[in-house]
Structures are given as C-alpha cells and as structure tokens.
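Two complexes come next, and they have one chain in common, subunit A, joined by subunit B in the first and subunit C in the second.
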Partner chain A sequence: MAEKPVAEQAGVAAPDPVAEILAALSEQYPDAVQADTRKGYSGIVVRPEKLVEVATALRDQLGYDYLSSATAVDYLGKGDHLEMVYHVYRIRQGGPALVFKALTPRVSATLPSLISVWPGADLQEREAYDLMGIRFEGHPNLKRILLWEGFNGHPLRKDWKEAYYEQDQKPFDSRWPGGKVHRAEENNPYGRNVSYPDDFTLEGYTPPDENSIYAGLGMGVSMQELASPGLETERLIVNLGPHHPSTHGVFRMIVTLNGETIESLEPVMGYLHRNHEKIGERNTFIQNMPFTDRLDYISSMSNNFGYAMAVEKLLALGARYQPPPYRAEVIRVLMAEFTRVVNHLWAIGFLLNDLGAFFTPALYAIGERELILDFFEATAGSRLMCNYMRFGGVFKDLPERIQGIPLLTNDRVRNEPTMDFLDSLINERLPRAVDELDRYLTKSEIMITRCEGVGVLPPEMAIAYSTAGPVLRASGVPYDIRRSDPYSIYPELDFDVAVRYNGDIYDRYLIRLDEIRQSIRILKQLLPRLRETEGQPIISGTKAYSPRVPEGEAYGRVENPKGELGFYVISDGGQNAWRYHVRAPSYINLTALSEMCKGHKIADVVAVLGSIDIVLGETDR
Partner chain B sequence: MYGLGVLKGMGVTLKHFMDTYIEDIQFLGKGKKTDAAFQIRQGSRARSLGLFTVEYPEEKIAVPERFRFIPFLVTNNLDDEENPGKDWCTSCGICPKVCPPQCIWIVRGTDPETGRPKPEPEEFHIDIDLCMNCGLCAEFCPFDAIKMDHDYELASYDRSGHHIFDKQRLSKEFRYWRSIAPTISAEEAEARGGWEHKDTLKEKAKAARAAKPTQESAES
Partner chain C sequence: MTHDDRGLKGLNNPDYPIPEELQSTIAVTSLDRIYNWTRAKSMWPLLFGLACCAIEMIATAASRYDLSRFGMEVMRASPRQADLLIVSGTVTKKMIVPIVRIYNQMPEPKYVLAMGACASGGGPFKEGYNVVSGIDTFIPVDVYVPGCPPTPQALMHGFLTLQKKIESQSLRTVPWYRSGESEAIPVPILGPDIIDPRQADLIRRHAEQAAASRDTTTPAPTEA
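On to the complex of A and B.
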C-alpha cells in the first residue's frame, strides 16, 4: 500500500470534459463559443452577448447545475481586458469543473449577470463589481459589498495602489542589502499612492449615508417614509450587528420586520476586509501560505491544503513536477480531518451559544479541541496559524514525542510519544466526546423546539444558491468533493458522505455530528498508514523558497469543514501569482441566508446564521 | 416525557461538575499545579472529564520544540574560544526575501578596506508588530542563523519604543537555541557536521586538509 502512487490530484487523470462540451455547444451557438487556447489555460471562452443563453444551456441541457466560483481577472498589459471566470459542476454526477470565461474591455467593463441562471452568482458578482469594477446588467442589487459606497476605484485592478503602497511585488527592494528600518505608518498614507476623483476635495466632504444599503432591501420602504410621523405601518428595520467579534465576528444583518416576522434580510459585511487577494498577488507563492491560515482561522490546516493543491496543479504544468510523496498525503489528510473535527465541535458549541445556552455547551465541545491544537502545535509550531503545508509535501514530519520544553516560570511539561497520543485521542477521547455531546444536546427539547423546521433550505434552492459543505448536505444533497472529485488519498479511504434531508437548523447540527464521526472513522484508518510509512519522505524534490511556477491557471478545491474552499491561481511565469482568488465557503453560503430567514421570527436569525457556520476572516477576506 | 431530554442533558453537566471535584481529590495535599498532576490532567489518557482548564499564569503549558514566536539571531556563545559572540548571520538576504509581511530589514556589511560586501550584517532589524510568526525565515536560512523563539511573554507598555528589535536585542547565544530545541539543534548540527557555524566548520576542514599533505610530505 505504501508504495502505491497517490491518486493523480494534478487533474491529469480526469477526462477532459471541455472538448465534449464545446462540441455540444458549438452546434447550438456556432459563433459564440471557442476553446481557451492560451498556454496553461483550459475551458471555453463565451461571447458576452450569448453568455446567458450558453449558461442556460449548460445548466439545463448539459447538467452543470452548480455554479461554484465566479471571479474576475484583470489582464492589464496582457491584452488589456477584464475576464470573468466561472467554474461550474454537475452536482449529481460529480466530476471535474467546467471553466468558461467571458471577456470585456477594461473601460466599458459590462457583462450580463448570470443571477437568473444561478442565483448563487449574486454575492460573487457583487464582489467582482466591487473589487474589479465589472457592471453586471440585470443584477437586481448591484452595489459594493466588501467596501463602502463612496470608495474610489476598484482595488483588485492591477493599476490600483493601496495606501502605504511600496512596490508591486514582494520581496521589497528596500529590505536588503540596504535595509534601513522604517515604519510604514510614519509615511503619509495619503501620499502619491492614493488617487482621488477629479472633482474631489477633502474640505466639506461628507461620507455617503447608508440609504443605498436600505434601498437595496427591495421592500419598497424608504427611510424617510419610516421616519415620517403619522404613517401607519408595522414594518420596521432592525440592524443586527456589527457584532462583537466574540460571537461570529463583525457581521451585520439588516432585517425588515413585519411585527416580529422577517420580510427580508440583507447581509452587510466587509468590516474585516483587508483585500486578501491583492495581498496574495503581491506575495510570492510561498509567502502566501501563512496568509491562507488567516482566512478561516478555525481550520487553517485545510486552507493550507487547498492552496498547496492549487499551486501544485500549476507546478504540474511544468516538466519536472513530482507529486507529494505518500506519507505527505497521509499527514495532510490527517491534519485536514482533525481540522474538520475541530471546526464542527466549534460550530456546534457556538450554535448553542447563538441559541442562548451561553458557553457551557461551547466549552464542553471545545475541550478536546485543545488536545488537537496541542498536536498541531507540536507538529507545525503553532496552534491556529499552522502554516504547515508546502508545495510538494508538508513542512516537517510528525515529531517523535509531544513534549514541552520548560523555559518560562511555572511551565508544566507534557511528554508523550506522538503515536500514543494520537492513538488515545482518536480511539478514545474523540469518540467519547462526540457521544457525550450527542447525549447532552440532541434530545434536548429546547434544542428541538428552537431548531426543527427553522431556516429550511430545500435541496433545489441549496444547489441554486451555490451553498456548500454541511449546509448543502443537510438539505439532502450528498455532494462531497472528497468523493465526487476526489483528491489526495481519499479514494482509498472508507467513509460515508453524511447527508440529512430536512435542511433545517436541527439537521445542520446533526450533520456536523455525523461528519465528526465519519472523520474519526477516517482518522482511525490513517493510524496504521502513519505507522507503515514512518521514515518515508514528506516532501518531493528540494524545498525552494522561490519555486518556478509555470504559466497557466489552476483551480484547487478541497472539502473544507465549512464547504468547498477553492483557490483560483493564475501564474504568468513570474515569482508572484498574477491573480489569486479565494472561493470562500463562508462568503458564498451567505447568499442563501436571506432565503433561509424569510418568514421566521427575528430571534431565529442568529440561530440560522450560527447553523451556516461562518468565519468572518474568510467571509470578508 | 417532555423535558426528559433537557434533564438528561443536565445530567451531563452535573457529571462534569462532580468529576472536577472527584478528580481533585487525588491531588489533595500534593497540589494540583505540579508537573505530575499536569500530566494526568492534560495528558491524552486523562480518564476524567472534569475541568480542563490551565490556570495561567500560575501554571503554563510548556511549548514544544517547534513552537515559533518572533525570530532571534544565533551567535557564538559568549565564552567561545575563537570568536565569542560572533553572528552566525552572513547577511545573504534570504530571510528578507522570503518573509511574507516583509518585517526584516538588513544592512549588509561592507569591508572598510576594499568596499566589497562582507558576510555579516551591519544592522539587522525586525519589526515584531509586523511579524506573523510563520517561521519561513528560520526554515529557509541556509546557515541556521535565524531561529524562532519560545518566549511569548513580550508585553510592553509602549509600542513605538520597543517593538522594533535591533541586532543586539535579537541576538542570542547558540547555547540558548540548544536549550530550547535540543533535538532540532542536534539534527541541524548533524547536517552541518559539527556544532559550530557552517563556515567555521568549512574553514577547519580546509585547514585540516592543508595540514595533512604537509605532514605527509614531511614524513616522506
């Protein structure tokens, strides 16, 4: 078993669906579609005028019913156009992605909206509008989402420069050999880096008010109307949040109420926005690895995994690529599954917080998490920000012992062989903890009353809104990337895709318990594999700090605990990514939030949000 | 019966509550915050489901060898016979190139006579407010000269005065690195072929090679 080559995760083995689909499409739309023939690229380029028709055909005739990712790329200096890139999947059959693209000039920057075909395009198109400045015709609510109204420019465009801008790409020349230290904040942030609109003066400037947010609620109630006296209405706008970070993060929901019932809901986000993708484009490939930790900071290990896979797919376009060795894959899956356990324990604990059971269930749930984090710390060097995966393998092999080195006063030492530690953790402690949580919560009448039948998301809607992960599977769609588009060593592991059918909060709670149990099942199978492969290499080739990444595009996706995490990376052959996009499950799952909440009471909103399980580090990026 | 589920759930809470005290009984008289008690309470084989908390700062979990928190620079020991306190850093520039938040500033040394670069840093600064503790600098340093520290208690009253570490503040003796990372430093020494700096070892090997032929020629 040990010598068996790892399942081709480089996307080489999977049959290329593009030619087949292209043939089918060109029959219907002879002039509208053509293959993307650029070096290292794949997929179909669609003429913008026919985009909606082609997309409809893809969905209805060819079975691509799930829009996973929609993002824009700026090719400044490389053709000077903007490009919208869509990744679609067949959710019933599984299989690899179909990529199609639509081009538009940088100045006019207009494309038809695909929201009528896949409603899940909603937030993603708004993001592309916000950060890249593409206007989507037919989008009902096209306004900024991560940045505020009144922000000048579109920051993911290549000619946009941030405050304290130093240089287009790292490493900065000012650091070595003549590296005189200075603080960026001692510079003027509004120096030549920032551009203002032509008619702009700072004097007398008042920031635009929030009417546009309220106007976007689409319920025909204006603020003036609500504020004016004597108007007889039972409607009310309530702002929930921006919350304190200790709940779910700084997230805000604007709900319109009729009495206590929710009529519409608008998520407002971006309070934690730092333009992760721009930072990623400034970074060299390896430099970006620790930044991925900071996306969904509960599950940094699997973030690393997805990013490493995306860049490995790019590396595989080159001649001398070697896939990660078997032991590296075993360790990666071990880490990813531990992460899933950690994340779901956390999600369950904090769902109970949202239901009003403050912190007792949460602390019981995250007790075992401590031990898993201790293991991460001993292996990777950090509990949360693991930065553990490398292109072609992992940072270091598992340590021999989980051992503390006393240094500070009052340091207490733990000292156990790693394999014993894992053995008792996986075989005893974790199953016991899950069973206890099950006993503690599942049958509780309060839990059932609050959760059953609330926030229902029917399966068709779950697919249409591009939800992923536990949210999708709790709605009766057994779609799990580990099975439907397998990567790493998942094909040889024995586990079931958990699925529940009611699509309410209660099922989203139950499915997390199911998934923890399935993860423990996988972890148990990994223990003998770890023992067998002891001493084998954990990284292929030599570790380089600036690997040569061939030109091309790649989309690496993993089944993160919160759903499909995808990294769309474009390399132009240089040291840095030309485009780096994160398909964030926390963000896209929120597209369906409004639908889930409609018709429920205001007290249920927070519970519904808790059941989606978002992390704002990933939502806002 | 309605409410039974809630009651059973409360039973779990009650058990946790009781377990905490039952567990404490075994530490009576011996103290709960000793190394031995810590092994039992925080080890993976702990039987009890009692309170899991570590009461910082009266007790702290000793961090493992690979723990990383703010880099430091390795120098020769201060009682080294040949070059006490000499920097291991050769100012090759790999760490500032690989540093993701770009928090490392190095002024490369120049030889005052020839004006050519010489392999030691003149100035070395790390802005620890920027540092994200990723450990890439230590991972890619070819001279084992920059390492990640274990001391995480760095609170200070003034951000502007204390958070840019200069070379003096960053430098720590090699013996410190050996003490916080016994196995890793041993592995590295094995890879280098000795406990000293790579270049020192090279020079020694060269000198030994140079000494050997003369010895042979003297014998013949």
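On to the complex of A and C.
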C-alpha cells in the first residue's frame, strides 16, 4: 500500500471531455465556440452573443446542470480584455469540470447574464460587477455586493491601485533585499489607508442614503396572498445585522415582513471583505498559504489542502513535478477529516444557539474540538491558523508526543505518544461525543418542531442555486467531490456519501451528524496507514520557498466541510499568481437563502441561516 | 461576589487594623477602590465578533478556559448593556461605520480591547483597500492583545491587564465624571473611500492643492 503513485489514480488518463463537447457544440453553433489554445489553458471560448444559447445547450443537452464557479479575469497587457470564466459540472454523473469563457473589452465591459440558465450565477455575477466592473445584461439586481455603492473604481482590475500601494509583487524591494521597512501610513498624505479622487471635496458631497438600500424591497409581492384570512397585517422592513448575535459574524439581512411572515430577504455582505484576492495576487505562491487559513477560519487545514492542490495542478504542467509522497497524502486527509469533525461540531452547537438553546449545547459540542486543536497545535504550531501544507506535501511530520504545558491551573497536562492520543481520540472520544449529541438533540421536541419542514430546499433548486456540501446533500443530491471527482487517497478509503432527502433544517442537522460519523470511519482507516508509513518522506522535491510555477490555469477543489472550496489560479510564469480566485461555498450557498426563508416566520431566519452554516471570512473574503 | 479573604484584604486599602473575627466581612477602603473593584470584577463585554479572532474569543468563554472566573462571562448583545467592546478581528471600512455607532451607543464608563493583529494595526490584511489600519484610528483603545489570533491565554491576560488599568483609575480624573456631556465619535461616511469627518479639513486642503496644480500645471507638494 505504501508508495502508491497517488496523483495517477485521479483520472489523468481519462478521455478529454473538452474535445467531445466542443465537437457537439460546434455542430450547432459553428462560429460561436472554439477551443482555448493558450499554453496551459483548457476549455472552450464562447462568443458573448451566443453565451446564453450555448450555456442552455450545455445544461439541457449535454447535462452540465451545475454551475460551480463564475469569475472574471483581467488580462491587462496580455490581450487587454476581461474574461469571464465558468466552471460547470454534471452533478449526477460526477467527473471533472467543463470550463468555458467569454471575452469582453475592458472599456464598457458587458456580458449577458447567465442567471436565467443557472440562478446560482446571481451573487457571483454581482461580485464580478463589483470588483471587475463587468456589466451583466439581464441581471435583475446588478448592484455592488462586497463594497458599497459610490466606491471609487473596481479594485480587482490590474490597473487599480490601493492607497497603500507599493509594488505589484512581493517581496517589495524596500523590504527585500532593501531592508528599509517603513510603515505604510508614513507615505500616505492622510496618514490612513485612504485615497480620494483628485477632484473630491466634502463640500457638496451627499453620502449615499441608507434608505436607498431599502428602496424597492418587497415590492410586487401581494400582501393578501400571504396573510391569513381575516387577519390584518402590516408590511414591515426589518434589518438584521451586521451586528447581531445570530448572524455568525458580520452578516446582514434585510427582511420584508408581512406581519411575521417573510416576503423577501436580501443578504447584504462585505462587512468582512478583506481583499483576499487582491492581496493573494501580490503574494508569491507560497506566501499565500497562511492567507488561505483565514478564509474559512474554522477549517484552516482543509483550506490549505485546496490551495495546495490547485498550485500542484499548475506545477504538474511543468516537467520536473513530483506528486506528494504517500505519507503526506495520508496526513493531509487526516487533517481534512479532523477539520470536518471540528466544523460540524461547531455548526451543530451554534445551530442550537440560533434555535434559542443559548450556549449550553454549544459548550458540549465544542468540548471535543479542543482536543483536536491540541493536536493541530502540537503538529503545526497553532490552534486555528495552521499554515500546515506545502506544495508537494506538508511542512512537518506529526510530532512523536503530544505534550501540554501547564498554562491553566485546571488543565490536565498531557504527555503521551501521538499515536496513542490519536487512537483514543478517534476510537473512543469522538464517537462518544457524537452519540452524546445525537442522544441529547435529535429527538428533542424543540429541535423537531423548530426544524422539521422549515427552510425546505428541493433538489432541483439546490442544484440550480449552485449550493454545495451538506446543504446540497441534505436535499437529496448525493454529490461529494471526494467521490465524484476524487483526489488524494480518497479512492482507496471506505466511506459512504451521506445523503438526506427532505432538504429542511432538520435534515441539514442530521446530515452533519452522519458526516461526522463517516469522517470518523475514514480516520479509523488512516491510523494503520500512519503506522505503516512512519518515517517516510512528507514532502516531494525540494523545499523551495518559491517554486517555479509554469504558465497556465488550474482549478483545484476539495470537499470542504461547508461545500466545494475551489481555487482558480492563473500563473503567467512569474513569482505570483496573475489571478487568484476563491470559489467560496459559504458565499454561494447564500444564493438560496432568500428562497429558503420565504413564507416562514421571522424567527426562522436565523435557524435557516444557522443550518446553511456560513463563515464570514470566506463569504466576504 | 465571593467573600474570600484575599478579595477583602486587598480591598482594605489604608491597612486599617481590623479585628480578626471581622476580617471576612469588613474592610476599610476608599471610594475609588471599592468602585473600581466592583467595576473590574463584573465587566459585561459586548457579544460582538468580527472575524477569526472571534472564534478564539468564543473558545475563551467556553468551558476549558472559562472566562467567568474573572467575572466577565455575561456577554450582552446590546451595546446599551455592555461596558467592554472587544474588537475581535479585521475592521473593514464598511464595518467601521456600525462599529463607531455601536461604540457611541455604549454607556459610560466603557472600555475597548483590541484583540489581535488586525484590530491593533491592520494585521495581515493591512494593505487591503477595504481594511482599516487598526481600530484606534477611530475609537480609543485601552488594551491591545497581540497575536493572530491571540491564544485564549493571551486574551485572558488582556482582560487581567484591563482589570489592572481599571483598578488604577480615579473617579476624580476619569473622563466620564467630568461636568458636561461627553462627545460622541463622529460617524465615518462611506464616500469614494471611507471619510473620517475629523479629517474634513485635510481632505479639503488636498483637493485645493490638486486643483491648483491642475490649473497651473506646476506640481503641488504631495505631502501635507
């Protein structure tokens, strides 16, 4: 079992689907499609005028019913156009993505919206409009989403510069080899991270009115249809967040109510938009690893995994690439599955919070989490932000012993061999913790009445809205990347894809319990593999700080606890990524939030949100 | 409040001799001392999380680290009921507007703890176009806790430091017992970029300089 060439298993030799699709499409649309022949690129380039038609054909005739990611790229100085890149999948058959692209000029960039084909394009197109300035014709609600109306420019364009701009690429010359570190504030005329257009004055400036956000909300909805007969109700607009104890961070929702019934809901986000992608395009490839920790900050380990995989795909285009050694893959999967357990325990605990069982269930749910964090800390050096994986492996082997430092007076100081620790954690503590939660919660009357039949997402809708992860699978769609488009050592591991069929909050709760159990099953199979591979290498090639990444594009995706986490990375052969985009499951799952909440009571909103399980670091990026 | 000897002895500020049988119930102390003692040991933090650091804040409040040992576990979701604002994460330009409002809504006396690199100075995301370089550019901070994220132990150390600070204050000098009303922090405005109303003059001067340089085509000094 040792020394298995892991990467080879992942279907490298499969027939090229692009050629087939292209042949089928060019019959119907002879001038509209052509293959993307740039070096290191793949997929199909579609003429904008035919974009909607081709997309519809892809969906209806060729079975690509699931739009996973849609993002924009700015090719300034490399053809001087903007490009929209779409990744679509066949959700029932599985398999790799089909990539198609549409080009538009940088000035007055416009493309047709694909919302009519895949409603899941909604938030993603708004993001591309906000950050890249592409207008989408036919989009019903094309407003800025991460920034605010009135913001100056579209920051992800390559010629857009921040107030603290120093240089396009890191490391900055002033620091390395210059060594002249300065504070960015010193070079800014305002001493702050701000810059204004030259002709900007406060006199005569009227800031955009908050009311404009509320304007037009809930219009066109018949009050009478929703109201109970004979009951007089009132239309009310309620604002939840961004400071609210149950929005799981700085998330905001504007809800139009009819009495207590929800007519419409609009998510407002960007309160934690920390410019991950812009910063990521300046970082060298390896420098960006710690930033991925901070996307879904509950699951840093598996974020690392996805990013490492994306860059490894690029590296594989080069000649001297070696896939990660077997032990490294075992450790990666170990970390990813532990992360899933941590995340789901957290999600269940805080769902109960949202249901009104304030904090006690959460305390039980996150108790075992501390043990796993101890293991992360002993291995990677940090509880939360692990920064553990590298291209071609992981940076450090598991420690021999898990040792504690007596930091707290009531802490039991731990000092035991790592494998013993893992044995007892995986075989005893975790199963016991899940059973305990199951026993306390699943049959609870409150759970059942608040959750059953609430926030239902039917399977067709779950697919159309591009939801992923537990949300998708709780709606009866057994789609799990670990099985549908396998990576790492998952093909040789024995586990079931958890699936539930009602698509309500209750099923989204149950499926998380199921998934923890499946993860434990995987973890158990990893223990003997860890023992067998002890002492084997954990990283391939040299530990170069800046590997030479060949030109091209790559999309690496993993089944993160919250759904499909994808990294779309373009390299132009330089030190850093030309384009770095994160397909964040939390963000895209929110597309369906409004549909799930409609017709329910206001008190259900937080429960529905809790059952989607979002984390703002990833939503806003 | 526990009646343990240590607490009361600590409170017995002028070291007035007290008969042994009364030592567990009586202390002679100053107004400052007893006021600060009660304040410091029953802080009510705002239930307010911003980013990754908030996760460690929650862990600090949970069973293993148990914040209630310091009398700080009563987290309130409403700023009207809170006296400690823990800024636990990256402050963005979009979010600073509500944060300043929340701060203004907190009744005095109030304290601010900047948790982590982001809240203290911008952190790893400092260069971002939507990131504020530290919460102290807008509201005053009492304690900074370094780390990314700070461990629960570090956060607790921050709390204890804050308690020490409170215990050293005097009713005579703290700003909130001066006569007159205290001033609210002006709420920032979302324009082409975030606008701090306190920088209005500076912004005008720069616009004038820019206009002048456009008219005369001679370059104006860029530094204010």
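Methods note: the second predicted complex is superposed on the first by the 561 of 621 C-alpha atoms of A that agree within 3 Å, B and C clash if a C-alpha of one lies under 4 Å from a C-alpha of the other, contacts with A are read in each partner's own complex, and residues count from 1 in each chain.
To be clear about the criterion, a contact is a pair of C-beta atoms (placed from the backbone, for glycine too) under 8 Å apart; a residue touches a chain by one contact, two chains touch by 3 or more.
Bear in mind the structure is a predicted one, so any value in this text is a computation, not a measurement.
Of the two partner chains placed around the shared chain by superposition, subunit B is the only one that A:K443 touches, whereas subunit C remains out of contact.
When the shared chain is aligned, subunit B comes close enough to touch A:E416, but subunit C does not. Applying the stated contact rule after C-alpha superposition, one finds that A:V250 touches subunit C and leaves subunit B untouched. When the two structures are aligned on the shared chain, A:T360 is found in touch with subunit B, with no touch to subunit C.
Contacts of A:G150 after superposition: subunit C is touched, whereas subunit B is not reached. Of the two partner chains placed around the shared chain by superposition, subunit B and subunit C are both touched by A:E370. Contact with both subunit B and subunit C is seen for A:M385 once the two complexes are overlaid on the shared chain.
Residue contacts after overlaying the shared chain place A:P290 against subunit B and subunit C alike.
In the superposed pair of complexes, A:G270 makes contact with subunit C only, with no contact to subunit B. Once the two complexes are overlaid on chain A, the subunit A residues touched by subunit B in the first and by subunit C in the second are 290-291, 367, 370, 385, 407-408, 411.
Partner subunit A is touched in their complex by these residues of subunit B: 2-6, 8-9, 12-13, 16, 33-35, 38-39, 42-45, 49, 52, 54, 57-68, 91, 93-94, 96-100, 102, 104-108, 117, 123, 125, 127, 132-136, 139-140, 148, 150-151, 153, 164, 179-183.
Residues of subunit A that touch subunit C in their complex: 146-148, 150-152, 155, 162-166, 184-185, 189-190, 192-203, 205, 207-208, 242-245, 249-250, 270-276, 278-279, 282, 290-291, 294, 297-298, 362-363, 366-367, 370, 383-385, 407-408, 411, 616-617. Remark: subunit A residues 170-172, 174-181, 183, 283-284, 286-291, 360, 364, 367, 370-371, 374, 377-382, 385, 387, 395-396, 399-400, 402-416, 420-421, 424-425, 428-429, 432, 436, 439-448, 543, 545-546 touch subunit B in the complex. Across the interface of their complex, subunit A is touched by residues 47-52, 54-56, 58-59, 62-65, 77, 89-90, 92, 94-95, 98, 102, 122, 124-133, 137, 148-149, 151, 153, 189-196, 199-200, 202-204, 206-207, 210-211, 214, 222-224 of subunit C.
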